[in-house]
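Read through the structures below before going on.
Across the two complexes that follow, chain A remains constant while its partner is chain B and subsequently chain C.
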Partner chain A sequence: MIARLVLVLACVAALVAPFAVRPYHATLMLPAFGYGVALLGLNLLFGGAGLLSFGHALFLALGAYTAAVLTTHAGVLRFETILMVAAAVAAAIALPVGLLCVRYVKIYFGVLTLAFGMLFYSFLFKFYTLTGGDEGIRVLRPTLLGRAFPDLGKVEYLTGPFYYYALGVLALATLAMWRIVRSPFGLCLAAIRENPDKAEYLGVSVRRYRLGAFVIAAVFGAVGGVLLAVPTGLADPLLAYWTHSGNLVFMLLLGGFDRLLGPLLGAFVFIFLQDSVMSITQYWRLVFGTLLAAIVIFFPRGLMALLDPRARSGA
Partner chain B sequence: MNWALAAGMPPPLFLAVLVGTGALLAAIGPPIERVLRTIYDRDESFQLLLTFALVLVFEDVIRFIWGTAPHQLGNVYLVYGQLRIGGTTVPVYNLVVIGAGGLIAVGMGWLLARTRFGRIVRAAAENREMSAALGVDMSRVYTRVFTLGVALGTIGGALVIPATAAINEMGIELIVEAFAVVVIGGLGSMRGAFVGALIVGVLKGVAIATWPELEMLAIYVIVIAVLVIRPAGLFAKTTA
Partner chain C sequence: MTLLEAPLLEAMDVRKRYGDFTALDGVSLTIRDGEFVSIIGPNGAGKTTLVNVLSGFVPPTRGTVRFKGVDVAGVGPVRLARLGMARSFQLVNVFPGLTVAETLAVAVVSRLGRGRRLWASLAGDSEVRAQVADVAALFALDDRLARPARALPQGDKKLLDVASAFALRPEVIILDEPTSGVSTRDKTAIMEVLVQAAARVGIRAIIQVEHDMDIVFGYSDRIVVLHQGRVLADATPAEIRADDEVVATVVGRRAR
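The block that comes next holds the complex of A and B.
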């Protein structure tokens, strides 16, 4: 009951935020929306299938670069088209990559995804003529539902139409993930996570389900990457670097990986905490590293578990 | 991270100082191991994450102590002079580092294969519970092995510094490269690590000379190829 109330309050807060808080904080919400979408996907892999990817930033970068190439080079400004192309590109890349990765579990899966992420990073970083190297590629302002909003300044555009568009995408992504987790597909994933041998014995094709989760996670990652790239206006190689993947996992753990909404909470807390800690001290990595260590050691189930009394007592 | 820690030391003048500071810094090994120990029984994914947390912390510790500017050792690099072999000129220091690498490799091989400590470590790697049951103090073994690993890391870091410069982010870069080396060679194989390091090093050198864009790319292509074809690495005894 209280959980529902908090959820409703959070939704209302997200809706009125652009009017209630300063534009600066409203723009801070945007990366949180982007990361939220990406983390929903990552959580299907980790919380759902029990596979920890250390290269998921690859797909965020893929989404961001798709948006960059489409807006800057191809002249495509329709945001709907960009989102769909990014999702298709991510699925097309995730299929072969996933085929290789899902043959392994645990640390080998982590290292292999890490290697793929770094492979993409070195491609982005070194092939200067194609990708702009460390300068990246600019992401131009896209049109939303066919409207360009030419009379709005950058901040007004971001905290106005784009804010609600991103919020809508996040809501749709959450709804989609909610359906996926409760579908037979999601239940099979949970069965595989708990006991892969038994699931295989019961006729569940373990690899195919893991591959499915991998591709879905990649698509969510790319959509999140597109949402991230528009406010920054730039796609740069560091999006694919392994520390970015590490940060994604950090956010996921911060929020809690065994709850559907854990990733969203993690993304918001991470973004706002990072902003406030960075404004206090330049040594924010020290603070965050210590925090992550504390979470891993003492609260591996994240903030959601602390909020939810049911989780504290049993399970 | 330990490489970078060693790297940030104020200019030491001699090889001995380099190695000495490297070895001294191994003192941070036991406390770090103590932190990691809390989750030995947890999934490896969490151990990976905790290491990532430590990387973040140490990056800032280094930033705090030595600042963000790169540290160079000036011309210490050429103090030992140069040598003409065939048609090329090689700084003697490079030969010293190569020699040190070989020496450490032989030393590690001897330690693991011939000493009592090495036998215990191998037994512990093979079967943790059994070794503990036979009276091996596992927590001491872990602390020592980890500290030894830290020492080799810091010494290795100290040795490369005269040839390059110590920068803040080098730890973060070297971690992935070290990962690549170990994966290529095979987890838990000394010979594998040695060959893996050679492969990565030579590959980087060749790529920089011929097709610079491929320098980083090539390493990860090999890592992926090895993981896909021989997931246990090139020199693994048993396939897991």
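The block that comes next holds the complex of A and C.
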């Protein structure tokens, strides 16, 4: 009940935020939308299939760079096209990477994903002619549903049409994940998470489903990456760096991974907490480290469990 | 031999070595349509290894295993489940966080080949729901469909494990000590449920590993006695009872 009320309030707050708060805070919502989409995918992998990736930032970077290359080099400004190409590129990369990674579980899976993430980081960093090296590639302002909004300045564009577009993408992504978790596919993933050996005896191919989850997570990651890149106007190698993957895991643990909406809560709290702590002290990482330790010890099921203390729903 | 009499499951000269230890030493075994076969023997006789080889979980070191004429040695459980073989486990083996209905639905979804449906609603799939309800009713689990497996009493967990194997509607089912850890009175009840469910689901043969001799002699068409990795005897319950050597070496020790 409380959870539903909070959800409704959160939706209303997200809808009116551009009118109700200062533009600065409205623009802070944008990365939270992007991370929200990416975390929905990451959580299918962790909460859904029991695999914790420490290299998921690879796919966010892939999305951001796809947006950068398309807008800067290919002259493609249609945001819908950018999102679809980013999703396709992520799926194409995730398939071979996933084939290698899902052979392993637990720490081995985590380390292997970390390795692929860092491999991609090195590629972005070193292949200067292709990727712009440490300077990255600019991401130009995309058109939304065919409209360019030439009269709007950057902040008006971001807190106006782009804000609602990104919110819409987040809503669609949430709906899609809600369906996936409740589909036969989602059930088989949950079975694998609970007991992979038994799942196999019931004819559920563990590797195939894990690969499916990996590819879906990658697609969500890339879409999230595209949403992140537009407000900053830049795709740079740090997007693929392991600390970025670490932040994603932090957000997931912060919000809680056994609820569909836990990751979204994690993304919002992380972004706003980071902003306020950074404005107080330069040692914000120290504060965040302490916070993460406290969460894992005292609230292993994340903040979402405080709002909705029911037992795991199989989601 | 006509086609109908061809063995459903056939192991020929199966050997399994783990390093220096020989777990199975030339085991041959034939399971025909309609049979209920019990595998017995003292601890360490190779019963579980044999079941693991028959169910494709471990490849034999030597020898062949054929299921419906297909070589299935070491093909793995997923393939065997698709071919029509299911098994339950000696130790409780459930999905702790899934409910009874969800557990059975995993098997039904897998059998119907619907696991790849990303966009379909599981709750809205009336065929899956109906089959889950069917199996749950067969095993008298229908009054606790919404309970998570971890919250079930031990006996019910065991029953759920067996029920999920039945939900695959296999042709052959291998039960590894289906009544272990259950009181003697409940054992007969579970066996009755099993046999009736097998008839309802259309299972063509049951193979079980069992220690309880009342159950073994009461339900089996044939008993295979394993001893030190070899088949000591393979005969009807009456013939086994009449064999003093077998009774002395295996059954006697167990029946104490």
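Heads up, the rule we're going with is that the second predicted complex is superposed on the first by the 309 of 315 C-alpha atoms of A that agree within 3 Å, B and C clash if a C-alpha of one lies under 4 Å from a C-alpha of the other, contacts with A are read in each partner's own complex, and residues count from 1 in each chain.
FYI, a contact is a pair of C-beta atoms (placed from the backbone, for glycine too) under 8 Å apart; a residue touches a chain by one contact, two chains touch by 3 or more.
Here the structure is a predicted model, which is why all the values come from computation and not from measurement.
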Of the partners chain B and chain C, which touch A:124 in the superposed model: first, second, both, neither? neither
Identify the partner contact of A:211: answer first if only chain B is touched, second if only chain C is, both if each is, neither if none is. neither
If we overlay the two complexes on their shared chain A, which of chain B and chain C does A:38 touch? Say first, second, both or neither. neither
With the two structures laid over each other on chain A, which partner does A:180 touch: chain B (first), chain C (second), both, or neither? second
Tell me the contact category for A:85 with respect to chain B and chain C: first, second, both or neither. neither
Comparing chain C with chain B, which touches more residues belonging to chain A? B
Touching A:60, do we find chain B (first), chain C (second), both, or neither? neither
Would you check which partner chain A:191 touches, where first means chain B only, second means chain C only, and both and neither mean what they say? second
Taking the complex as given, what residues does chain A use to touch chain B? 46, 52, 54, 100, 103-104, 106-108, 110-112, 114-116, 118-119, 121-123, 125-128, 242-243, 246, 249-250, 253, 282-286, 288-293, 296-297, 300
If you look only at chain B, which of its residues touch chain A in the complex? 35, 38-39, 42-46, 48-50, 52-61, 63-64, 172, 176, 179-180, 183, 212-217, 220-221, 223-224, 227-228, 231
Touching residues on chain C, where the partner in the complex is chain A: 55, 76-78, 81-82, 86-87, 89, 93-99, 102-103, 105-107, 109-111, 114-123, 125, 128, 148, 161, 164-165, 167-168
Per the touch rule above, chain A residues touching chain C in the complex are 179-180, 182-188, 190-191, 193-195, 197-205, 209, 212, 216, 311-312, 314
